[in-house]
Amino acid sequence: VRAVVFREPGRVEVDDVREPELVDPRDAIVRVSLSAICGSDLHFLHAKAPLEPGETMGHEAVGLVERVGAGVKSVSPGERVVVAFNIACGACWFCERGQSQLCEEARVLGAGLFGGSLGGAQAELVRIPNADVNLLPVPRDIDDERAIFVGDVLSSGYHAAEIASIRPGETVAIVGAGPVGNLVAQAALLHGPSEVIAIDLEPGRLALAADAGAVPVNAAQRNPQTAVFERTGGRGADVVIEAVGTLAAFERALDVVRRGGRVVVVGVYASEVFPAQLGVWWARALDVRFTGLCPVHGVWRRAMTEVARGRIDPLPLVSHRLGLEEAPKGYELFDRREASKVLLRP
Amino acid sequence: VRAVVFREPGRVEVDDVREPELVDPRDAIVRVSLSAICGSDLHFLHAKAPLEPGETMGHEAVGLVERVGAGVKSVSPGERVVVAFNIACGACWFCERGQSQLCEEARVLGAGLFGGSLGGAQAELVRIPNADVNLLPVPRDIDDERAIFVGDVLSSGYHAAEIASIRPGETVAIVGAGPVGNLVAQAALLHGPSEVIAIDLEPGRLALAADAGAVPVNAAQRNPQTAVFERTGGRGADVVIEAVGTLAAFERALDVVRRGGRVVVVGVYASEVFPAQLGVWWARALDVRFTGLCPVHGVWRRAMTEVARGRIDPLPLVSHRLGLEEAPKGYELFDRREASKVLLRP
Amino acid sequence: VRAVVFREPGRVEVDDVREPELVDPRDAIVRVSLSAICGSDLHFLHAKAPLEPGETMGHEAVGLVERVGAGVKSVSPGERVVVAFNIACGACWFCERGQSQLCEEARVLGAGLFGGSLGGAQAELVRIPNADVNLLPVPRDIDDERAIFVGDVLSSGYHAAEIASIRPGETVAIVGAGPVGNLVAQAALLHGPSEVIAIDLEPGRLALAADAGAVPVNAAQRNPQTAVFERTGGRGADVVIEAVGTLAAFERALDVVRRGGRVVVVGVYASEVFPAQLGVWWARALDVRFTGLCPVHGVWRRAMTEVARGRIDPLPLVSHRLGLEEAPKGYELFDRREASKVLLRP
Amino acid sequence: VRAVVFREPGRVEVDDVREPELVDPRDAIVRVSLSAICGSDLHFLHAKAPLEPGETMGHEAVGLVERVGAGVKSVSPGERVVVAFNIACGACWFCERGQSQLCEEARVLGAGLFGGSLGGAQAELVRIPNADVNLLPVPRDIDDERAIFVGDVLSSGYHAAEIASIRPGETVAIVGAGPVGNLVAQAALLHGPSEVIAIDLEPGRLALAADAGAVPVNAAQRNPQTAVFERTGGRGADVVIEAVGTLAAFERALDVVRRGGRVVVVGVYASEVFPAQLGVWWARALDVRFTGLCPVHGVWRRAMTEVARGRIDPLPLVSHRLGLEEAPKGYELFDRREASKVLLRP
């Protein structure tokens, strides 16, 4: 079967690979009808995260169940499903408490040894372990292009808005209006805030955020702290959600939150070290919550329902639709920041 | 009237000062029957926080209302009251939302210009602004020595335990078993945790914590992370409350909390800077909540009720009972760490 | 001064009455710029609730503070304020816990002996006890006609929606689209429900509810249970808010709520007895919450903010604007159900 | 295999029945090491609920997994497990939301046609559908006699205390100190109430409640409303949990709850009709929550943990331990109210 294969740092190809098989009775094989390139795939492309040459890539997919092991009960062959971007066991201490992002046996598709040596989703067929846990049926009225977001970034945004404990009438500021920030904004609006302020530097992203109902603030044109304070009686936002994952973005979040407010960090960090002024954080009575990866399994049903109702729509975030064979071009576009979201159809 | 007076860095005296007067119709004058020396008074003693020579000191007091302005309605002359350690307006945006620790007109007794130039509570008489807000009647069955804690450190501990959102059955670790940590432990036990683990270096403090129902862990004798992990199935505590206020204590809190757990910081920080490893915090899905000063006005009624019921008892924390005239000696003992809590009776 | 006076069952007049005076230092006298006739005034008109001939009526008012007692601190002469429809002490056990509708010294303006023998608000001047507690300043950008609702029915609707604990995505049904139901619908929409279904018999009310964003269901034209079940996958609404106050309405609420759902009862009941089928309620795991009167003092600031933002607008509910001297005509219209809300301007 | 068999109204026997088989790949067969007689079994005994002659009885069991279908993943042969008293599908709308007591395919062991025609648990072997959902492994340090309670009445008590939203310091009254009431009391104490008051008529039950930490009130000796009001400043209990299931008990619950308080109804009702005075409920701002059956699958892990820690101990509730062959005698004792809980060991 065809799949996107890692060749060497900076180079991927589409090639024939061995067809995946049921290894465990709880496995399912999914025939992929749509996969996607995600920001974290670039880490593998550039060998910041390790893959062996020949390993397949990608962790986002929608498709039809091809076949299932004897132990799979909640999905059947022929059913259309979306794949969870992190593969959880569904039974460990953390999974039982709804924190599947901390699953003790967490794996990731297409992430090499680090991810449990599972095949990638940018392929015609992909094996999904613990299929009852890691596949979600897609309602008929949701197309593949919307559904694929529910397995990853849309649920992340939904979750970030949820743990922010937004009360109706509060002001929410979002640092970063990329795909995650945009979806955070859409999800935050469901909680009845007085307004959602989206802060970014790129006019295109800000326009999309405004279309989604947010108040755009272009940080290239004016000081975002001033802008937020003007709209909040000089206090700052009740809730700030940081959706970038850089030290500058984290600092910005601290700048625009009010005293006694909450900061939720959904932007991904790795080895960054931030000099935290504990006395300032203390005096300001801050509450800083890091999401980690999204506990997608406890969130995605509700997220899917909101997509079905049209209350969250990820479609405007898609910048490119390519065939699977064009994946190398997609990686190139994405790597040059010319694409925001690339979908791949086998 | 007699009062503790700041003379020069390192030296306080008891001297005659001018009798306080009603300045505003909402003021009350309280005849102090018991005041106390608090850790933060040492900052003033050593001129880390500024006081002018001749200014009076202290912010903890219980006493009888001597007289009230025409605008005071909830307390009357003769009534026994405890004083709030931070003097709030009761009407600003933050006070209305129950975050009186962030009061826009916050003042502190005995804290010089920085605190609004109010007189100190280590005196025979003290003026209390906004008396309706900043004085709480003391029920008959609570003696002065217990009541005085409700105005400050006991309510701080009660509040810290409350915002930790402890669910019955969770494990709580407390870093620091000094007066705040001890009271945090007592308050945390009211939330039905499976156990409260108190971590400290001093056997005396640990013994008091154990008396209060906590499991003591002596960090001088064994690694507290190992100790906590042993008691929590290798995961760490669901909730950690940091009650010291040093970089080492903050780091310890991060060491003993489980992934996906909560850290509440009630220990006081000033200019400390901590190198926060954002990637680690993110991957561990941490939730870090800084209390700031205690919003005592929204907490102290409930805290007082628990003292009345005997479910929180601060009395074992008192190490010294002196007359007001002996205050300089009290400061000396406290400064040399020979006293844990010094009460002063005029 | 002029005021609406009860003469005999069925008859009110506008007459000269004695000017109200400051009785207690915490009193304020308010010069009424707008008052209103409320459904509960009809109980007094028809002597279902007792008034002595000559007593004045009404409990809703906006106006300017005329003068204040020495003990009043949060409002000043000249300030524009709205009056709380229930006059609370602000200091009893219930008031301290935010349940001022259960105040141990609760009084009501214009409600005779039963209400504490206070004068009515349908007058040129009215005395307000505990003015710090029972008057709320009105921001400049909110006109009198909107502000008057915040003192009563708008806050009731806001509170009912709040205690329903609506989670984003849930379906809310409201039984009754009169003024309370309409405001409940507007408030409920702030909590991010998937939809709010308004059930009533009158096309005019339903049209107003639809304007406010609700899905109207005319119970005269189709079975509301069927209509709700069709929109909720055959389950019923997650939350039902009953805003009428009749046995039929209560029964309807039970009909349209899903198993395991919540019913909030804001409609006013008196001596009605409902045969509760406990086995059915039990098997359906129902959660039934009665609001009682609104704890307006803990709610109205937030409600006022939403009016200022235009997110709740009571203005479409006003059917008649009369001069105070025309009050008898207003009572007549209201009594014949030809008016939905009558405002009176002195 | 041996099993308790329904013969005719009022008569059960122990007899040989056909060995249960795996019918579905998700089934498990459990070799019962301990079963029990529950109050609801008497309904079947007396034909108030229908059983055909020859059908087997009982729904509480602990045992060893004998064999499992190919689709079972979370339990294995040889593992010691407790059985859920209601057999849920684990995948329907309600199960997904944690309300498994409302499962759309709910079944009950030993409950005849009404319960899905499953065999009973008072037998040597029993078939458990959806074994992944309906079996919970028992930790080594919990003996069979404690574990069996976790599958039913202990989890019901735990759940009732949980949905009461008890805040530390509140007073809880429990109507009925039988097995459910006793376990409610133990669970309520984990939430830090100021006290738990247990109301009953039988000294033996009250003594057990007192041993568990509750304040006993013998309703045969004094008016329970007076007793509760004396202990709560004349207000009544903040939370009342009704654990009997009779009209008198429901009325008692309403008598002893404070205005603005919560009533949780865990006692089982069938066709009882209570004349609800809606005006009184409204004016008192009551919040009445019916548990329905316990959503045991979302509760039992936490409940089991508390049993392991010794914080909830059901053992004192066991009155009789018989062999399976003595089951008819057990039914007789239970029916004559001479037994509180009868355990049956094959």
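Going in written order, the chains are labelled A, B, C and D, and every chain counts its residues from 1.
Criterion: a contact is a pair of C-beta atoms (placed from the backbone, for glycine too) under 8 Å apart; a residue touches a chain by one contact, two chains touch by 3 or more.
Since the model is a prediction, treat every value here as computed from it, not as a measurement.
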{"item": "Any chain that touches subunit D and subunit A", "value": "B, C"}
{"item": "Chain pair equivalent in interface to A-D, over half of contacts matched, among B-D, A-B or B-C", "value": "B-C"}
{"item": "Pair joined by the larger number of C-beta contacts - B-C, C-D", "value": "C-D"}
{"item": "Between subunit D and subunit C, distance of the C-alpha-averaged centres to the nearest whole Å", "value": "42"}
{"item": "Contacts with 2+ other chains: residues of subunit A", "value": "none"}
{"item": "Subunit B contact footprint on subunit A (complex, rising order)", "value": "93-94, 97, 99, 101-102, 233, 235, 247, 250, 259-260, 265, 268-279, 281-293"}
{"item": "Interfacial residue positions of subunit D with respect to subunit A in the complex", "value": "25-26, 70-74, 91, 96, 301"}
{"item": "Interface residues, subunit D side, partner subunit B - complex", "value": "168-169, 189-192, 194, 302, 305-306, 309, 311"}
